[in-house]
Amino acid sequence: MRDFTLFIPEYIAVAAAVAILAAELAWPHIRKDLLAYATAAGAAAWLIAALPYIGHTAGDFEGLLHTDGFTTYFRILAAGIVFVIALFSAQYLRGRTNTAGEYYSLLLVGGTGMVLMAASRELLTAYISLELLSFSLYILVGYLKRDTLSNEASLKYILLGAFSSAMLLYGISLLYGVTGSTTYEGVAQGLAARGGDTDWAAIAGIMLIVAGVGFKVSAAPFHMWAPDAYQGAPLPITAFLSTASKAAGFALILRLFTGALVVDAIEWRAAIAALAAITMTAGNLLAIQQTNLKRLVAYSSIGQVGYMLVAIAAIGYGDAATAENASSALLLHIAGYTLSTLALFAALTAHYNRTGDDSIAGLRGLAQTQPFLALVITASLFSFAGLPFFAGFATKLLMFQASTTDGLLWLVGLAAANSFVSLYYYLMVMRQMYLYDPPEGRARFRPTPLLGGLAGLLLLGVLFVGIYPQPVFEATDGAAAALFEVSAAVLIRAP
Amino acid sequence: MAEHAWMLAAVPAFAFVALTATGRHLPRQGDFVAVLTAAAVFALFFAVLASFLGLGDAAWPVLNSIEWTAIGSFELRMGIAVDQITIVMLAVITTVAFMVNVFSVGYMKGEPRYWWYFAVLQLFVASMLMLVLADNLLLLYIAWEVVGLSSFLLIGHYWERRSAVEAAKKAFVTTRVGDVGLLIGIILLWDATGTFNILDIFHAVEAGAVGETRLFVTMMFILLGAMGKSAQVPFHVWLPDAMEGPTPVSALIHAATMVVAGVYLVARLLPLFESAGGALMVITIVGLVTALFSGAVAFAQTDIKKVLAYSTVSQLGFMFVALGAGLVSAGMFHLFTHAFFKALLFLGAGSVIIGTHHHQEMGQLGGLWRKMPVTAATFLIGSLALAGLFPLAGFWSKDEILHAVDAHRGALVFLLISVASIMTAFYTMRLFVRTFLGKPQDEAIASHTRETGAIMTLPLVFLAILSVIAGLAVFHEVGDALGFPGGFGEFVYLHHPEVFHVDWGLAGFSTALFVLGAFAAGWLYRGGRLDRATALAEWQPRLYELLRRKFYFDELYQALIDRVVLGFSYVVSWFDRFAVNDTGVDGSAAMTGYAGFLLKHLQTGRVPNYALAIAAGVVALTLITLAVGG
Amino acid sequence: MGSGEAQGYVLLTALALPLLAAGALLLMPGSQRMAARYLSAVVGAILLGLSVYVFLAYQANGEVLQMQLRWPWIEHVGFLGENGISLHLGVDGISALLTLLTGVVAFAGTLVAWKIEYRVKDFFILFWILIAGVYGTFFALDLFFFFFFYELAVVPLYLLIGIWGSTRKEYGAMKLTLMLVGGSVGIWIGIFAVVHEAGLGTFDLPTLWEAGRSGALSADFQKVIFPFFAVGCGVLAGLWPLHTWSPDGHMSAPTSVSMVHAGVLMKLGAFGIIRLGIQILPEGAAFWMPALLVLGTIGALYGAIAALTQRDFKLISGYSSVSHMGYVLIGLATLNEVGVSGASLQMFSHGVMTALVFLLIGALYDQAHTRDLRDFGGVAKVMPLWVVAYVVAGLANAGLPGLSGFTAEFHIFVGAFRTYPVFGGLAILAAAIAAAYMLRMFAVVFFGPLNPRWRDLKDLSPIEAVSAALLVVSMLAMGLWWSPFTDRLANTVLSLPGVTS
Amino acid sequence: MVPLENYLVLSGILFSLGVYGVLARRNAVLVLMSVELMLNAVSLNFVAFAVYLDPGRATGIVFAVFVIAVAAAEVGLALAIVIRLFRNRSTANVDEAATMRW
Amino acid sequence: MTTEVLWWIFAVGVVGTAAGVVLSRTVVHSAIFLILSLAGVGAMYLFLTVEFIALVQFLIYGGAVTVLILLALMLTRMGVAGRPEPVTGAQAPFGALVALALMATLVAVAVATAWPGDLGGSPEAVSIEQIGEALFEHYGAPFIIMAVLLLVAFIGAIAIARQEDGD
């Protein structure tokens, strides 16, 4: 059944995107930060339009797209992220580009792509949505045209992106061959019904798909593009990459794995567990060696992806209840992670706008030149490390706890050990900010009220999720439940 | 009153607190407080004694204890027990403490930290009394340690002097080593009997709660503690050095009271030692070795106080021998008499030191007889008493010991102990002769030597009197007259009282021993001349050196500590730095970092490499999953 | 229980106050140094009062857990059921004692921190966060919050040492933080395993204790998991050979941080072994205790021996801390009433004693700018009060009767002899060595002729004197009159699973 | 007639050749060409499956259409980026565009 | 029969030309080979009796894409002079290895799998109507998204490639 009212928020987003494009075409010399605010307004409208869907009965579009708690969750997340990123960019882009219209409209479109990834329950739709997000990112990463790093980054990103999506597609085709369908239910039923003589195709297909989505969320060994892309991209886009693109990736993974592949968990869970182990270890070990902030964040976020994959692995290993709890906790952690990352980048952007230095050593003495930013950075880094008061502590602990199943204790242990390693390089950043005095001639400064305010708000968010996650947790619970009531029909576990 | 004997300890304890708090600001820095306290305690003792005797031996020992703590089944009571042995100890402590407090007023005049000296003195008295009053081994141990602490503080009173500090340290650590044994022993006893209360332990042991060998081991541990405090070989090294402290302290702590705590402990626990197989024999041997060894060493010492110190060690040996023979009365009696005349001798030495303005090397003294008659006279009495001249105190107690040994330990021990008492007579006389007789060795010193004031001489006289008459307490009639059940042996005993009767043969023998030793000394140092002695020393230089260097014990220990203990400590520290820390901890951190360093070189920045990683990853995942078995 | 409820709010106050103080300071302009100091002093005083109240109000013969307060926090979501995570506070005898310790040491530390001149405000913010963490850990009866506060107590150390520290501070700070957090990884894993295995969907500690007792956690499981808790907490408790952060950390830490750290934080580790190890996993504890005993004994001897030849005050105290925490482990390992009470007493005793020592070292170092023993001599001439206080601390360290050290060690020895006589003997030997290294230091530093270089050293300032006095008093209190302490411990200790009498 | 397997094998080979191209080539444009080969293999797969396995529902064919379209768009975008890079660096060699690494 | 022979000829052609794309030394040759192999794939669609896809293939690939690529080659001055620089990177051998492994896997998969519903018979014709039906009815949503996607690509290409002051 084709109910076009299900996606009103996205229409708003796209409409806003087009409007912004048009606006810049109409008035080429319009102040670019106005565009930023317009984008923010659009995102806000999008967000508001999304609110009525909370608790709204799940809607289905031709079995391709689905608007339920899960979709709503990522809708709000996406709209929020775009809102924040747009405001980050307002000051940042000044003087770095001549045109900004495409930039902002692509933010909105990318966000839309993210929502659709979360909503789609059919492989083709999922793929197209994924490409929608990817394309926007390819462009945004390379948006600083005169900046060779930016070009290089986007080139690497798009070439590898194309390569990996080819992999993904081939996987999908094999899966289609095995199950004769591309809708998640269809695939699930097909997998449930299939005989042992299709193992090879199923496994090869699933692994190729894993590679495709693994690339999206930058899981080792498909992660290598990430640091370069992060470093080359404009700072706000780095934030966008490390929040929206990852969240979207996991949205897709959750839908796909809980909806379709869960039936065949025994085929992929070992692989996912291995992937998680490699990812977190590689990410953290490599992060130790970094000197550039963006790369550091990139690697640390790779580590985070490793942790999140633990929950996915748990879906494969645990029973139905565990699967649901793990996904709910994963959603919670995504929320916490997103908040922390955005807070971090709010502070970094403010600092970068001031100093134009994105090396770790560039933070030297920040605690004295700008204690507030230093505090925010500390908070978000500690949140990544999972230290108390900050979102990461509660969310990570709850996620690992939910993911602890009999076959998987080793992985959880490894994850814990890894988050310990990660503390080391976070402390290295802290050291620069707090232990050293600022370099000569670096005077006290105050961030622009906009960024300062954003940082403050996000910090509050981080603290709130860290201290009292109950409300968010309930929300994610609802989302996860929705996820499963959809796939409950085919939740016949393989022996 | 007897059940409130704890007040004996409480009064000086309070005085200690008061003096510590206010002493510095009181007039005369509060020395009168100290003296009054000592007097009060002295008086209190008689009250206690009276009420104790009044109760009659049916009521002995007098007990009084309070609930201390309870953790589940682990219950502790703290309290006092007053019995005959305690009474004897109380007599000694209160008397000597009183004398010493008085004497100190003169001796310590103008010394630094005058008030602090008196304060600690009170602390010592309090803890010493608590030690002998304790009804359980835990309380005893606590007091035992506090006694050691105050001894440490007093020895180190002149802490600006490196030597004093070292001596204090040595005293504390050496005794502490013994205390390890004591604590282990106490806890082992508790482990076996489930109580710290001494009487309960006795009953438990009688009931056979502890196996023979186990008891033996336990008692050996406890004996370690006793040996440490009572400076028995090989723990004796600290006592001579302890002479660094003010002389009155040496008199009180290192002659009369603290050093006999070990003897007291053994006497107190003698029933246990008895039922612990060969324990008594061990005690005898320890005592014998100590007596002979330190007697010999005393020959070659030239510092007055050092001679006295070694004589103390040797006399403690005597007491151990007596106890080893199983006779509480003999041991305690010698403790009793020895306390008086040795305190006397030390105070006398103190008087000499003051009189000669801080000279205590025999080599520089001599001929003080004329300059300081009172001191000399009292010192002579003390010496004779120590040497065991009839009918002074020392004679009777030594006689008791010889008697005991003769009765219970056979010829060999008897022979050796006789040799030891000859030695005693010899070095005592040597000391007296060289210090007081003959011509002054150093006119400069002699010229401005003065007799000391009454505040110091009166205590000497008092103690001299005691040294003369204390021995008579052995007689039934004397004890009777004083309201005791009889003579010493009838008052203090383990199994059954024994009435003393003079054994003239033994008396003659011991007199002979005295004469032998005394005249040897007199002949050798006649007129304070040294030529014969020097000749003797040159005749056997090795032997002389051996004695003068105290059988190289200090050197041995020093080497042991430097080479072994500290060496081991250096090894451990090194291990901790390099093996545990730099290799183990920092090493693993470095390894992690290095892993990252290696790994990062995979990140070449080249698209084809990245693509290769992806493709390889896919293939690997697929093949692995296939292999693992889909 | 109504009064208990009301008293529960006392705990909540003690927990919230430092955090509020930190918040207030955060908003205060950094230039207001005196304001920050006075505020902290007041907060410290109030906390001391509350701690004393908690200790005294704890009924020795009442039920084990008192002053309970439960605020539902997160429940009925995800895997969490009824009381999934609740802010559940309460004290038993042990934590009541340690609360008192925290109050005393924290107040003393606050006063000592008065001298800090550099970034005063920041210092106190971190300091109070640290203190809040400590209180929280002692109060928490919920695994989630236990770990929450445990981590909270560890993390600020990095900055406290890194910014205000002295010798090789960056190295010391980094090593200390990493080792401690590394330890908490073990705890983390343990928590995951326990909560999952219990399958009750709750972090509530009493519930989990019950599960451990009733065998809902199988014996094999307990044996596997106990080491995670033991080692994880052990790191913080200076468990050999994971103790190396202690000497270096103390060497670099500023005075008041050393005080709080050695005085209180190290106790968190031992406390954790009781709370998590013994109480959740009794069978695992019973199985592993011998190993812990051996490590503890090694630590006790090793620390003492290593301290013999150290030349830096702080290294001596660092190693002696290792030695004394070794006693605590021995006491716990005996798993009998006397030994475990001894361990708890030792936590208190070592806490105040070592806090005093670090206070004094700081007072000297601030003037002399060296901590090498051999540079000194005859200090008693110029700093009598200082020397007296140090001697008291040192004697307590050497286990001299009349001071807290003996009270604690005596119980430990007795307990150890009850179960493992040989180790008891070794422990006593270590105590003798302690006397040796303490006296060695006295002899070298305090006494002997005064080294003219130090002619104009100043004695303790009034503020320092006050906090020193506070600590000395608490040492004497426990040394002279045990029952207030032991009585409060008795029931708790007996209630511990697997603790025999 | 020609069985399904033939097409699958063919597309498999085609795909692998494309992969090899991506891994081996230095020139960005060549890399893109290789990607195109891979995408072709994919759509061949889809069509083959559609035709052989579920006739009537044409899902695979629709998929193929989309794949082709996306591929075209991707090429367009990628080439734009390549050209941009060439303007700034006057090279289109992917292994020379490696200033960011490690 | 004849179709099979033809099929084999084309199959070999496709593989050969594809190999040419990834192996040939000069860029332009690769481009030519690419056109051929794309055309070959188009032919395969004809064998599969889906003329529509074949048409799309010829139009989009044979037309747009290849033209685009050649254009790009011109713009990046590739192959015009046939710059004498190696077009194959150092890691080719590893690439070959991995590619071979992958090929082995995929071929094995293709052969070893018993594809459900495989009639083993000839392909069944799929009518344009069906395709249109599916494309615009059932798959309407992706189709709309696709539209946005193309818009994005279009804007992006312009935004990236557009000349600006500064270069």
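Letters A, B, C, D and E mark the chains in the order given here, with residues in each chain numbered from 1 onward.
Simple rule for what comes next: a residue touches a chain if its C-beta (ideal position, glycine included) is under 8 Å from a C-beta of that chain, and two chains touch if they have at least 3 such contacts.
Just so it is clear, the structure is predicted and the values come from calculations on it, not from any experiment.
Here the chain-to-chain distance from chain A to chain B, counted in touching steps, is 1. Most remote from chain C, judged by the distance between CA-atom centroids, is E.
Relative to chain A, the chain whose mean Cα position lies farthest away is B. When every chain is represented by the mean of its C-alpha atoms, the one lying closest to the mean of all protein C-alpha atoms is C. This structure's chain pair with the greatest number of C-beta contacts is D-E. Computed from the mean C-alpha positions, the centre of chain A lies at a distance of 26 Å from the centre of chain D.
Centre-to-centre, using mean CA coordinates, chain A is 31 Å away from chain E.
If you average the CA atoms of chain A and of chain C, the two centres end up 42 Å from each other.
Per-chain CA centroids place chain B at a distance of 102 Å from chain E.
Listed for chain C are residues 178, each touching two or more other chains. Within chain B, the positions touching two or more other chains are listed as 589, 600, 603, 605-609, 611-612, 615-616, 618, 622. In chain D, the positions touching at least two other chains are 8, 15, 18-19, 22-26, 31-32, 49, 53-54, 59, 62, 66, 70, 73-74, 77, 81-82, 84, 88, 94-95, 97-102.
All chain pairs in contact, by the document's touch criterion: A-B, A-C, A-D, A-E, B-C, B-D, B-E, D-E.
Listed in rising order, the residues of chain D touching chain B in the complex are 19, 22-26, 31, 94-95, 97-102. Chain contact summary for the complex, chain B toward chain C: residues 68-74, 138, 141-143, 145-146, 149, 156, 159-162, 165-166, 168-169, 172-173, 176-177, 179-180, 183-184, 187-188, 190-191, 565-566, 568-570, 572-573, 576, 580-581, 584-586, 589.
Touching chain A in their complex are the following residues of chain D: 8, 15, 18-19, 22, 28, 31-32, 35, 38-39, 41-42, 45-46, 49, 53-54, 59-60, 62-63, 66-67, 70, 73-74, 77-78, 81-82, 84-85, 88-89, 94, 97-102. Put simply, chain C touches chain A in their complex at residues 30, 73-75, 77-79, 122, 133, 144, 147-149, 151-152, 155, 158-159, 162-163, 170, 174, 177-178, 181-182, 185, 188-189, 191-193, 195-196. On the side of chain B, the complex with chain A involves touching residues 589, 592-593, 595-597, 599-600, 602-603, 605, 607, 609-611, 613-614, 616-618, 621-622, 624-626, 628, 630.
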